[in-house]
Structures are given as structure tokens and as C-alpha cells.
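Paired with chain B in one complex and with chain C in the other, chain A is shared by the two complexes that follow.
On to the complex of A and B.
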């Protein structure tokens, strides 16, 4: 039965995949700057943090939760890496460890009965504040050795992008084919039933939030690969962007429905739109409008296609 | 049933494809004639990339207006300007400038949102042999082509020196800072400290970070007046805070003292109304918005192979009691910056949208 759910979820992503493929064939023909290697490089480098955060967000949303602390983890991660007091490698490991730790605390809070929205929002404030205490203004210094590794690329493909896609693939595989993944989907689909049937939903919850924290920590490193500096507030836009990507990917906000893999084309659509708006010379404020319209159209089409998100199927 | 779903999927695909194509077509129409001539060929008109770092306060809006005005004055040399807007977001600025590199503009003018985060993209433009002109803010690299700015340290220094001279090197003063930790704040503060340190007769009796805000400055100065009623001058690093200080002095019935400020019209209007008999005197030291005009001029010099200065750090222009009557604009809004090269029509259009 869960196998069928996964297949249905995957099928829902087909139009997005097609859209991205068509865009990647049509756009280079239409636009000269778009087909430049520099633009491909820029697009992939800016997509890496969004892919990582969205993949983590997708897992948490599938579980029926939400993670608003992703921005705080990204920001604090960049700050830790840019603090000269800590050697580069230690700082990078520390950024990932802080992400996992923050995720575990989020999970514990949620298990203790604090709503995910409140728990992760609180965590976001705490981490953002710590980041500002360590580094009050954007800047800092990233060690040369670490920076050399973070910015590795097989031009025009940045390492950060490859790692982001790989991480997303791992998360998708884990959700689709492991017992943990089945528990995540079952808990998201019907938490009460999951508890009654004695599924290990507690450890599944902890692991889901820890994974989101880890991916956000990695996203912090991907941001540093682009900015060479730390900024506690640099993850702010990723909070809403990751939720937008998850929704465009057709993952129901109430959990249990959707596929992590679809996050890849969904994030690509968002990234391509931002890229096109900048390249076309349109006022960047149009970006907000276009993204909102795409989001609403996508969700409306999921509705119309009969793949009703759980919150409407179950509502009332 | 299956057929219905398939039809829906096609519908969804078409709708999203339409959105993307629409954007692509806009991009296409904008791109007409963009492809630059082969390298080495001398050009007489240029494509210039201009990144508006922010439109979130009156100064940044006027800076952008000043640039557009300059573009209209230099129309003969400019084929086209590629505009982007960064919302004061360092990552957005990187993507924006990166898009200019993809579009192979002839030169890039930018105001770094973060001096450190701008470094990689400046180096990338450098590698693509595109000159980068920094407007009004520094970056932590020397790989840019030219920097056109007024140092905030100098702004702090000039104001403080005027105040010290006005007080004859001796007196008790209040200090009003902006946002603690903000680079502009720290630099202006450092410039002022450097001057005060040279005059043992100058005593800073109270200081507060009033966040460049008029109401906060009024509150801070009100309590300063209660604790240290003997005061001979105020060093404020922002024009709105100076207005707050004036309000606090008047509410307290305390005679006005010399104060430093900026060249914002709001302060100048009040200053003009008070007149010299009030005991008030001031200096308005600012980073002028016409730096955008100078940045474009330097850019064109670079592109036409004329000599230019790599680091053009100008002395800040000042409004004093002498030139106040000619600069104040009683009919314009408070958040107009008086030291401008905009003509009256351009100023009107800036305030009317």
C-alpha cells in the first residue's frame, strides 16, 4: 500500500520534470546569456543551498511537521565557519554538528508536545541571536584551506551543487525504501494510527528533524562557498523559499503525501524563474509576484488533478 | 479516470510552460542586439550594468535617481543600462552581478552590501575582464577597478572637528550614535573619537546609540539633559537624531547648543527657521548622492581608455550656516538630500514616483 503511495507521489512529479527539461532545452535557444557557462555556474551555485534546505524541509513536512529553524541554522553555520578563532575544518564540522543538535532539540520539543511551528520558530530566534552575538555584522574570515574545498568545481558545475543533489537523492532513497521512511510517511499520514500500531514514531521524528538540521548546516557551507563570509541573517529567505519548493513539489503540508525527489524539479523551477527575471532585466520585485502565482497555480493544479492533499481529503 | 488525470497533467504542464515561456520571451525582447562586438574592436557606446543595492531609505532611492539622471546626461556614450536590484541582500547581489557577467556587459557599477561577501563576485568579474566600479562602499579586495566614495570616517571627523572648533577646543558634549555594530556607525564614530582624543578640553559626558531614529534620540537626550544639564555641544552622526536632540532641548527649555548633523532637508528646514539668534548652529556632513554621477563618469573614462583614479575617496561636502540659505528647500519633503545634481523636474519625479 505504501509502495502505491510512493508511485503516485512520483507520478505527480512528472509534469515538473517535463517542465524543467523543456525549459532547459528552450531557454538556451532563446537567450544568449542563459546558455553561457557562467550563467549555468551561477544558477547551480545559488540552487545548492535551496536544494539542501528544501530536501530537509520535505522530510519534516512528510512527517506532518514544519521546520522554521532552517534559516537560523544556515545563518549560524556561516558565522561559525567565518570565525577566525576556530580552525576551518573544526568550524565546518561544528556547523554540521550544530545543525544536527538543533534538529534533535526541535524533535524533542515536538515529542514533548510543543507544536512544530512554535518549537522551530523559537529555535530560529535562539540560533539567530547566538549568531549575532558571535558576529554582529556580516563578514568574518573563512580559512583559505576550507574555502578552497568548499568552492571546488568542475566548471561550470560547483561541488556544492553536486553534494546538494546527492544529499537530496539520499533523503529520497531513505524515505522511499527504509523502515524509517515508511514510519515517517505513516506518522504524517495518520499520527494517531501510527502511535496505536506501535510504530517507532518517536525515533523517526527525532531523525527527521536531525536530518533537516544537518542539511541546513550543509546549506550554510554552500552559502559560504558563494559569499566567502558569515552572516547570521543570511538564511532568512530560505525559510519561506523551502516551504514554497515543498508545496510546488506537491507535498501536502499536513504530511504523509509526496516525494522528496520532486523537490529537485520544484527547486529548479523556482531557480530558473529567478534567473530568468534577473536576466530579462525585469524589476526584481516581479520575482515575488511570479513565485506566488506559480505556487498558487501549482497547488491548484494538484487539487484539480484529483491528487487531493490530505488536509482537504480529511478536513472536518 | 486515468484519461482524465492525464489530461489534467497536460493542462498543468502547459500552464507552467506558459509562465516560463512568457518570462523567456521578455528576456528575448530585452536581449535584442545585446551580443557584444568581438573583443578588441573599439566601441563608442557601452552596455553598463548597474546594481541598485537597496531602495529601502531616502538616501538609497536618491542615489538610484541620481544615477538614472546621470545616464540621461551621458546618453551619447551609453548603448543600454542593465539594471538589477539587490534588496540589501548580499546573496541576491552576487546573483545579480553574476547575471551581468553572463550578459557580457562592458562595465559593472555596484555598491557592495557586504564588503566581504562582494569579494568573490568582484574577482569573478575581474577574471571575465569586466571593470567593476564601487559606488559609495568599499570591498575587502583591491581587485576592483575604481572606488568612488566618501569615507564615513571622514564624515565623523569633519563634524567632530567643526564642533571642537566651534567650542574653542573646550566643552562638555553629548554623543549620539546610530546602530551599534553597523560598519557606517563604527567608522563615523572612529573618525569623531580620533578628533576628540586630541583635545583634552573636550569631555564626552553622555553617549547613546539612538539607531539613527528621531524619536529614540529625543528620548535619549531628554534623559541626558536630566543627568548632565551642563552641555555645550552635541555630536550626532545622523540628521534625524539631530532633530530629535533639538526637540529634547526645546521641550526641556534648555538653550540650544551647536550640533552636528547630515545634509537632510528636514534638519535644514528646522535650522533655517531657528535662525542664528536661537544659539543653535550646525554642520550637515553627508555622503552625497551625486557620487552615482561621478561613478558613471569614472566608468566611461575607464571604458574609453582615459586616465582615472583607482581610489577616489572624496572629502565630505558640508552644509554650514553660510551656504544653508542657498541649499535648504522649504518646499521639498524632509527626506530630500540637498546636495544633489538632480534638476527640479527629476527631483519632482523622484517624490511623485
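On to the complex of A and C.
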């Protein structure tokens, strides 16, 4: 059974779902290249890292924080996997462990009073730098066995995409139906009250950042599944993209408001836009302009519809 | 009467020589208290007497410098979670509900019924509904807390505390936003909990309620325990004397008859909107116009229309007889209308800024300087007003958020005292959460203002206050004026009857 708060949060995402469904019906009819299985395959493969990073970002934002270290974790993950000195499987586990560890350190820093923006920005720099020290130029070599697993697919559906959607579903369930999730929402809404009420906000904070780190580590593997190589800077665009997705999904940057599940259609909108720009042969730089405009329009629509409180809402 | 027949059981709560100093200020010094099962203790004292600190120590939010707290004989370790685990629940005056969650989710927050890791939504709602039913609180468990009235939120907060089945329940000003029927609900609930053996600490500034709810009393003064005993041995006057440390003859200053000028400086003509219907009202210089009503009947909307916070959808606002569109607070201030909102923490003050900054915020060029900021001129003006208000702060540079409620309210007052061109002061529940001593001072200042020819509009849910202060009492029921009673010969019964919508022959 779906609780009232969860239902309210989901309702705000209905227009996005409709938009994606309509696009998925209309676009194949209009566009010959869009219809191809190859395009679907590449679309889903490119969505996998975005979904993973955005799902983690959504949880952190719901808690009232922000995670700018996602790009660094993704980048370092790809570098670790592409380092021949480390056996493939060990490297993959290491990439995930680095993600979790970075997330935990982020959480500890935030608990110690460092603003999330500063803490995670610092973490991003540290991880990115380490990645560049290990592998200065994009490239490296990914072990054949690991690559075979990462690129598994039930054509045209890549395994990475399925895992990403599953991870997002787990995050959504955890936020909506566990005690931890309630503490995340409460802390995001009013951290002072959460502390005063004696809620376990510390462990909730640590877990939220650790989750975001883990998902970013997984996103690193999903990136390798597309590029077959390591690049410390490959996660850079995911930082702002994930925040864009979270905002399009109607999750308030002020915390406590929104649904992780809506990240799915929001990421799909972004992925479809990028895909269309590529297919139409436009200069790919147009994608920045279009994304920015879509973001501003989406946030303006949310504010206008009152589906979530304005940034300067009175009381509550 | 609370349950005075209960046989005092073992000590639920013991405080042993608790002391706490903040910076250089002693908040609590060597206070020892005990509370038996089934007792309801009135913890009273003026602002800054140490009540909040003592309660926060008991609730684990503040670590004492020395002394300890025992629950059922077991020493409490530090931290809100430890206190909660030991069976202490506290209802804070500043509510700690989460507006993004529902009533049921708030009531059971942190104690949701789970199967494995997952919360059972149906069980959650049913459990919460049962708790609310048990307590006689009629609210939809699925309602979003953000949409509730302050009184309803207060009840949810209490239900949340009771849901943890506490051994010790601390209620800090629990009635400040409750209507009288809701106070009855709370009273029944306190009696029931006391019978079950809960020890209850009750903090309130409303005398009648202290005597109605409590069996014992502990008086704090200047951080020390001044007196304690059975409340039955106290009269209203003796209790107030004990709190203030001197005899208090009358809280309200005498009315001065300043009815010479009768042209209204501010008036409403058939104003509707924001829950109001056909409000016609004159605000006259030198008089205190009281606006009475039960909570949520539109009296705050009147204050907001007068102060330019909301523009009416129909009807006219007249400033000195001329129709004016008062559609922003800036316009109201320009017209000489000052406003003290009811929610000082979110609507009135910038908590992180200093006393001086908050006071001088609308002071105008004369105080802050026309172009360049004039710090010395501002400081001098602020110091003078702070002295007049008997403001208790370490300096005018102290952040407002660190002050007690009564002193925060004084800062809001001081803001308007700094304006020489003030013609009307609109106050919405200015004494909520303010202690007797500060109340007396605030009332004195209001009389000073009216003597100067300022018109005062006093919105209050405390009828006693209006009877004591107002020259005219306008009574609101469901957004309409049901009657106007001259303050001098008004009675509580008559005002209450009008406020409850009953027709009363004049």
C-alpha cells in the first residue's frame, strides 16, 4: 500500500511520465533512425550512468545536502578498472569500495559541520586528482573478462541499464518505506527539529552519502561498459547532469520534498533530448542550450503549479 | 482538577544539583527536583529564569556542567536519543513537526510498524488513528501537517510524544495555540496519563491552566529553585509574587482617557477576502483597539490587512480618511503603520542578525544613514531603546536567536519605537510565550504609545489580556464581526459568547 506522502510526491511526476510515454510513441513514428534497435541500445546504455548518479544525488538532495563528488568517483572508478596492474574483478570491487568510502567521508565531513557543497567539492577534487595521477591520459586497458560481464545484454537492452533501473527502484523503496527514509525526509525538511526530536539523523546522513557514493561507483562501471577505457575526467558532466535531473524530477533543493522514482522519467527526458540532437545531426553543443532551457522551464512550471512549496513558502 | 487523589508513587524523575552556564551567564544553578509517578509539576518562572535550560537538560538536548538526571533511579546518559530511550518525551514550544509528512507519519516517526525493513503503511495509519482516537483528538491521519492550524499541530505534537509511552512527559507551553475545547482535550489527556503513572512537567504562562492541570509547583528565579510545594497551597497572587520575587498588584496599567481625537487614523470599510467578510473597523489615535476571537477565526487576517501584508479582495482601506491601496508592508510603513507578527521567529526577526540590526531594520534614514550606513548613530539609537525596553541581552551585538522569547518580542517592539513617525502599531498575539514580567513591561509600553497618540491594534486569543488592555474589543467569529464591546465594562463571558458566535443582547 502506498502512503499519502509517497503518493503526493509521485503525483507531481505524472506530467513527466506522460511526456516520456508520448515521446516514446511519437518519436519512433516520426524518426527513422530513432526506431532502430541500435539507437535504443545506445540510448539505454547512455542512460545507465545518469540514472545511477541521479538516484544517489536525489537521496542526498532529499536529505537537504548535495553531492558534487559523483563525478570524481565515476572518473576514478573508470581509471581503477582500466589499470592493468589490478586484476579485473578486484578493480571492479575496488571501484565500488572507493565510492562507498568517499561517500562515508563526505557524510562524516558534513556531520562535522562542513557544508555539503564544500565537502563534496573537495572530495571531487581529491578523487579526480588521484585518478589523473594513476592515469594521466584517457585510455588504459580493461580486462577482457570484466568487460565481457559489464557489456552483457539482452539485445537491445544492456545489463547496465537494467541494473541502473533496479538500483533506482531500491533507492525509491528505501526512501519511501523504511524508517531510514522517513528520517531522510524529516532531516531534509527541518534538520534542527530532526536533531531535537532525537531521530537517528547522523546514521541516516552517513548512509545517504554512502549510497550516493556506491551508486557513483556503479556508474563508473557503466561508463566503462560504453567507453571500454579509463578517464579520470569522464564523470565531470554527470555532476551537473545529475542535479539537472533531480530538479526536473521536482525534488526541492531545499530538501524533504519529492520522489526518487520520478528521477526515471526526468533522466529519460534528458537522455532523449541528447539522443535527438545527435540523430538530427545538429552540433552536439546545442545540447547544453536545450538542457538549460528545459531545466529552467521545468522548475518554473513546478513553482507555478504549486506542486511543491515555493522556496520562500511561509511556515510549514 | 488534575488527579490529586493519586497516591504518589516512586520517583519517576530526579534532578540532582543541576548547573549550567552559557558563556558568562548562569542559566541554571544547583537545581534539585523530584517528580513522583502520577504527579503533574508546574514549572514556573519568568523569561530567563532557567526553565528552558532545565527542560532541555532533562530532555538530553543540553549537557549540564554538573549534576545528573535520573529516570526511575537510573542515571541518564547524554543526548536526546538516550533521553528518549529512557522514557522522556518533550513537547517543545517551537514545534518539531515535519510539514512534508502526514499526521500519522509524524506521530509514529522513528517508531513506525515494520515488517523486516519495510514500513507497513496500513498498520502505520491504523496505529496512529488509534492513538489519536485514544487521546480524543479528531484528525485525519492522512492529512498533511503543513495544512493544519497551529492548534491542530500542537495536538499532533502531543500525540507524537504520548505515542512513545513516556515515563516522564514535558509539556512546554502546550496550550499557547490551543482553543478552549482543545485545552479540554489536553486536560483529559493529562489526567489519564497521570493516572497511568506518568510524571508530567507542565510549563505555562497561563495561571488558570497551571491551577487546572497541576498538583505540584516548582518556581525558578534567576536560575535557582526559589520555592517548591503543593500547588494547592498557592493562590494566583502568591505564585506570581514567587516568580517575580516581589509583589505584583496589577499586571495591566490603568487606562488613561485619551478619547479627545476621534478621527480614525486607519479604517477598514466592508473589507472581505482571506476568510474575512464585511469587516468595518476604525482605528483611533490614543486608543487600544482589541480584536478578539478564537484561534483561526480571521483575526490574524485583519492584522495582516491593516499592516499591508495582504490586500483585501474587496472593500477599502482608509488611511487618515483617504482610500489607499495598502498592498505591501513598505506602503504600510510609509503610512506610519507598524506590525508585530505572531510568529516572531519566521515572520518577524532575522534570527542570525544582531539585536541592533533587527531593531534598526525599518528605522529609516534618520537612524541607519541616508546613503552611507552610520553605525554609531544606529548604535546610539538602539542602545537608548534597549534600555527603555529593559532588554536582557549581553550586548546589542548579540544575535537575536540567542535571546529568550520575551526578549525577542521586545526587539520587535523596539523596531517600531525607533520610528518617530509611527501612527499605528498592529500587534498579533504579542505575548504568546512571554512571561509575566515581560508582559507587564510590554503592556506599559503600549500605554506609553497611546499616551503619545499612537493607535494600537491588539489581536489576541487571550481574553484576559484584551479585558485588561483594550479600550474597545472587536469580536470576530468566522471572519465576521459579531460585536464590539467597550473594554471598560466587558466581561470574559460576554466576549467569549460573541467569539463563539452567540447573539448577545447589548
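The criterion applied here is as follows: the second predicted complex is superposed on the first by the 307 of 316 C-alpha atoms of A that agree within 3 Å, B and C clash if a C-alpha of one lies under 4 Å from a C-alpha of the other, contacts with A are read in each partner's own complex, and residues count from 1 in each chain.
Keep in mind that, in the parts below, a contact is a pair of C-beta atoms (placed from the backbone, for glycine too) under 8 Å apart; a residue touches a chain by one contact, two chains touch by 3 or more.
These figures come from a predicted structure and were not determined experimentally.
By the touch criterion defined above, A:177 lies against chain C but remains apart from chain B after alignment on the C-alpha atoms of chain A.
Once the two complexes are overlaid on the shared chain, A:191 sits clear of chain B and of chain C alike.
Looking at the shared chain after the overlay, A:28 reaches neither chain B nor chain C.
In the superposition on chain A, contact of A:304 is made with chain B only, not with chain C. For chain A, the partner with contacts to more residues, out of chain B and chain C, is B.
Once the two complexes are overlaid on the shared chain, A:156 sits clear of chain B and of chain C alike.
After overlaying the two complexes on the shared chain, residue contacts for A:15 are found with chain B alone; chain C is out of touch. Of the two partner chains placed around the shared chain by superposition, neither chain B nor chain C is touched by A:122. Contacts of A:199 after superposition on the shared chain: chain C is touched, whereas chain B is not.
If you check the complex, the residues on chain C that touch chain A are 60-61, 79-81, 83-84, 92, 95-102, 104-105, 109-110, 112, 114, 117-122, 124-125, 142, 144-146, 343, 346-347.
Chain A meets chain C in the complex at residues 1-5, 8, 173-174, 177-179, 182-183, 185-186, 188-190, 193-200, 256-257, 309, 314-316. Residues 14-16, 18-19, 22-23, 26-27, 30-34, 36, 38-39, 41-42, 46, 136-141, 151, 223, 226-229, 231, 234, 237, 269, 272-285, 290, 293-294, 297-298, 301-302, 304-306 of chain A touch chain B in their complex.
Those residues of chain B whose C-beta lies close enough to touch chain A in the complex are 4-5, 8-9, 11-13, 15-17, 19-21, 23-28, 30-31, 34-35, 82-87, 89-92, 94-96, 98-99, 101-104, 113-117, 119-120, 128, 140, 180-183.
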